[in-house]
Amino acid sequence: MIAKQCVLDKGFVRLIDQMGSDRRVVEAVRVSTGTVSDDPERDRKLIHFLIEHGHGTPFEKVVFEFHVKCPLFVARQWFRHRIGSFNERSARYRRFDEEYFVPDFSTLPEGYTADDLAAYNEALHHAYATYERLVAKASGGPEQRARAREVWRGLLGTSFYTEFFWTVNLRSLMNFLKLRMHPTAQYEIRQYAEAIAAMTREAVPISYEAFERFVLSREAGSI
Amino acid sequence: MIAKQCVLDKGFVRLIDQMGSDRRVVEAVRVSTGTVSDDPERDRKLIHFLIEHGHGTPFEKVVFEFHVKCPLFVARQWFRHRIGSFNERSARYRRFDEEYFVPDFSTLPEGYTADDLAAYNEALHHAYATYERLVAKASGGPEQRARAREVWRGLLGTSFYTEFFWTVNLRSLMNFLKLRMHPTAQYEIRQYAEAIAAMTREAVPISYEAFERFVLSREAGSI
Amino acid sequence: MIAKQCVLDKGFVRLIDQMGSDRRVVEAVRVSTGTVSDDPERDRKLIHFLIEHGHGTPFEKVVFEFHVKCPLFVARQWFRHRIGSFNERSARYRRFDEEYFVPDFSTLPEGYTADDLAAYNEALHHAYATYERLVAKASGGPEQRARAREVWRGLLGTSFYTEFFWTVNLRSLMNFLKLRMHPTAQYEIRQYAEAIAAMTREAVPISYEAFERFVLSREAGSI
Amino acid sequence: MIAKQCVLDKGFVRLIDQMGSDRRVVEAVRVSTGTVSDDPERDRKLIHFLIEHGHGTPFEKVVFEFHVKCPLFVARQWFRHRIGSFNERSARYRRFDEEYFVPDFSTLPEGYTADDLAAYNEALHHAYATYERLVAKASGGPEQRARAREVWRGLLGTSFYTEFFWTVNLRSLMNFLKLRMHPTAQYEIRQYAEAIAAMTREAVPISYEAFERFVLSREAGSI
């Protein structure tokens, strides 16, 4: 199991837990059809058949728990995938650290210079310094300090890092990968999708192989 | 872990797999608030607080896999709980056995006699015999035999037993228990809910204790 | 609007209400991109582009309400589509009528005769007569009569007709059609899918046209 | 119908469309129980009974479409309610305007001064000016300009305004109101919940009355 993979300049993905594997997918189908098999090659063919013909429910039996650290703007895209459960760090109970995403120079459109990145850093640092000073100024009990944290966080750009736990089944996970590994997805979330994909390939190698063969490599209308 | 519990005259519930436990619920909250604790009593208080105040998402981190055998009319009520994943045996690929639910005499309204139950058994046996004869008569390839099984199963009453796998998180599970352990739920599904509850109590004792204290024992408007 | 379409021997589909149309899909996208257009041809191209490239969320803005009458075994397949809301007639509060599905002779595998259908009818009639007699025998208050209805319905085959209301958005509806209009779907549910498709084509002609062109006509791995 | 209600300093909520009403809820139940009624007082009692006893599915028949403009940090809380469909303006296709939320002085904890708000405004203006300059500098085709918009938006604080369309059924809407009108919810999202509540009360007066009586006014454990 890949314990942890670093992503972007300060983020990561960790696979914390897993329920079921390729074998569980096969068992879920066997309860339907009443057949049995101890032949790994038949199991493999069955999994390929399921994905080729869009039979997704057996893949809902395999569930993963990930721990993710990513910029807020990546988290916003991630949370749009509604099937799955998210627990995020709270900006009310925890003060943000001065940790924000700085884009890699190579990923910028042509024409930008080191001065532009310096201006980006300077503006984010200035916003953070203001946030930090205003939050520190809060007097009174825990509720007043929580109110200060929740109202002044509006200063912080969506490049600031957040963390969350993600519970997701293999079917939804493959749907996430299909959309977020696509060349039209934003570069930054694609880095996370690639890291998740590498962990998924290790965790359920046969399902991933079928997903790559029949879904990832084809361009087709879907709904 | 309670491996298997018999329910009704021919049914059962088996807990096949589990991801996470009471501890996982606590960890999911700690990622939000940024606090740590090694004090079991504080963890217990936190779980009670979450349920008392309706904070359900941390309980979505704990996931169970059950194997269930029950009458079709119970499965129909069960599948109305949409959050969770079901894989059921197929009436197209598998022939039904002559296994149907016979109500316990003590659960019938007053006035019914042994003769009434005999008439019930006779009618279901007659329907099954017709189903068996018609399915056996199918000639041709696997597709024709599958068509025969799928069309003639319409003969079989909803008292016939089916089997399915159920993947469900702890939050949805508690919602299922709240509705299906209620005195107004049908007697037969209540027996399944009681069996699931006993397994849940063993698997996540603190969460179950809080559920019993703040949800099961209170009658309140909800949506 | 097609008010009502008959399906199978005794069933129907009625389109009761609709929120939004092709125009609403376009508006939902325009709020994203901030563009405006009064050119119907550009709107049509936009809708085709969305479906060709799998951008499904704008189609969640269009919602339909259907009233369906179908055999229980069709309803069981229908309810497996979890995104959507179902309200079904209750076998506890309403006595079933003697209305069950009789397969069309032309849809049976070779080798079956009129005598076989007669045996099917006889067994279902016999089960119904037993159900009717046992339900009628219930004495006592409304609760005892409800208990009688809910326990003796186990006699009735899944060919008996039920009714339900279905609230569903256009995205989930297209997913339902894709799976249930497929040649491998059971003949009986395909008849319902065809009826729903005809109503959908009238209600949202451009979306349906794109769905037919990019989804229905292509065979591709999906998840 | 309340066409539009202003919220916070620059936001709003508009009710764009509605499918079904109190009457539809009643009809959905009548299909279950097979009863009919033309007595408005009986309909009212039925709706109150449903909410008092937690029968939520009939309220899924009523669907609303809202148009919302709110700060990003409010949208982030809103989107955590997964049942419902969101279409948001895209930061890739549309440049952000310099429109950010400024907290009302009366909602701040004690001890803050006009100078603090001035510092808040200054930092956000500075970040916006940097964003504007960097986005304007993008050369090349539409893809390069889209990349510039998506990467530099990380500068903008979560106090910046966004817009989205929200499709939601009455059951999920009441759940949203229960959680977001609660005194422990953040002040800013509570203002939106209050505006939505006023529109809901007008759209479905009987359902809202029952919701207020049995859900809003009671404090009870739930899951």
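The first chain written gets the first letter, and so on, giving A, B, C and D; residue counts start at 1 in each chain.
In this text, contacts are C-beta pairs under 8 Å (C-beta built on N, C-alpha and C of every residue); 3 or more make two chains touch, one makes a residue touch a chain.
These numbers come from a predicted model, not from an experiment.
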{"item": "Remotest chain, chain A as reference, centres from CA atoms", "value": "C"}
{"item": "Result of counting contacting C-beta pairs for B-C and A-B, higher pair", "value": "B-C"}
{"item": "Intercentroid distance (Cα basis), chain D paired with chain B, Å", "value": "35"}
{"item": "Approximate Å spacing (C-alpha centroids) for the pair chain B, chain C", "value": "25"}
{"item": "Gap in Å, rounded to a whole number, between the CA centres of chain B and chain A", "value": "32"}
{"item": "For chain A, residues contacting two or more additional chains", "value": "86"}
{"item": "Interfacial residue positions of chain C with respect to chain B in the complex", "value": "71-73, 76, 79-80, 82-83, 86, 91-92, 100-101, 103, 107-112, 116, 119-120, 122-124, 126-127, 130-131, 133-134, 137-140, 144-145, 147-148, 150-159, 186-188"}
{"item": "Contacting residues of chain B [partner chain A, same complex]", "value": "17-20, 24, 27-29, 31-35, 57-58, 60-61, 63, 65, 67, 85-90, 93-94, 163-165, 167, 169"}
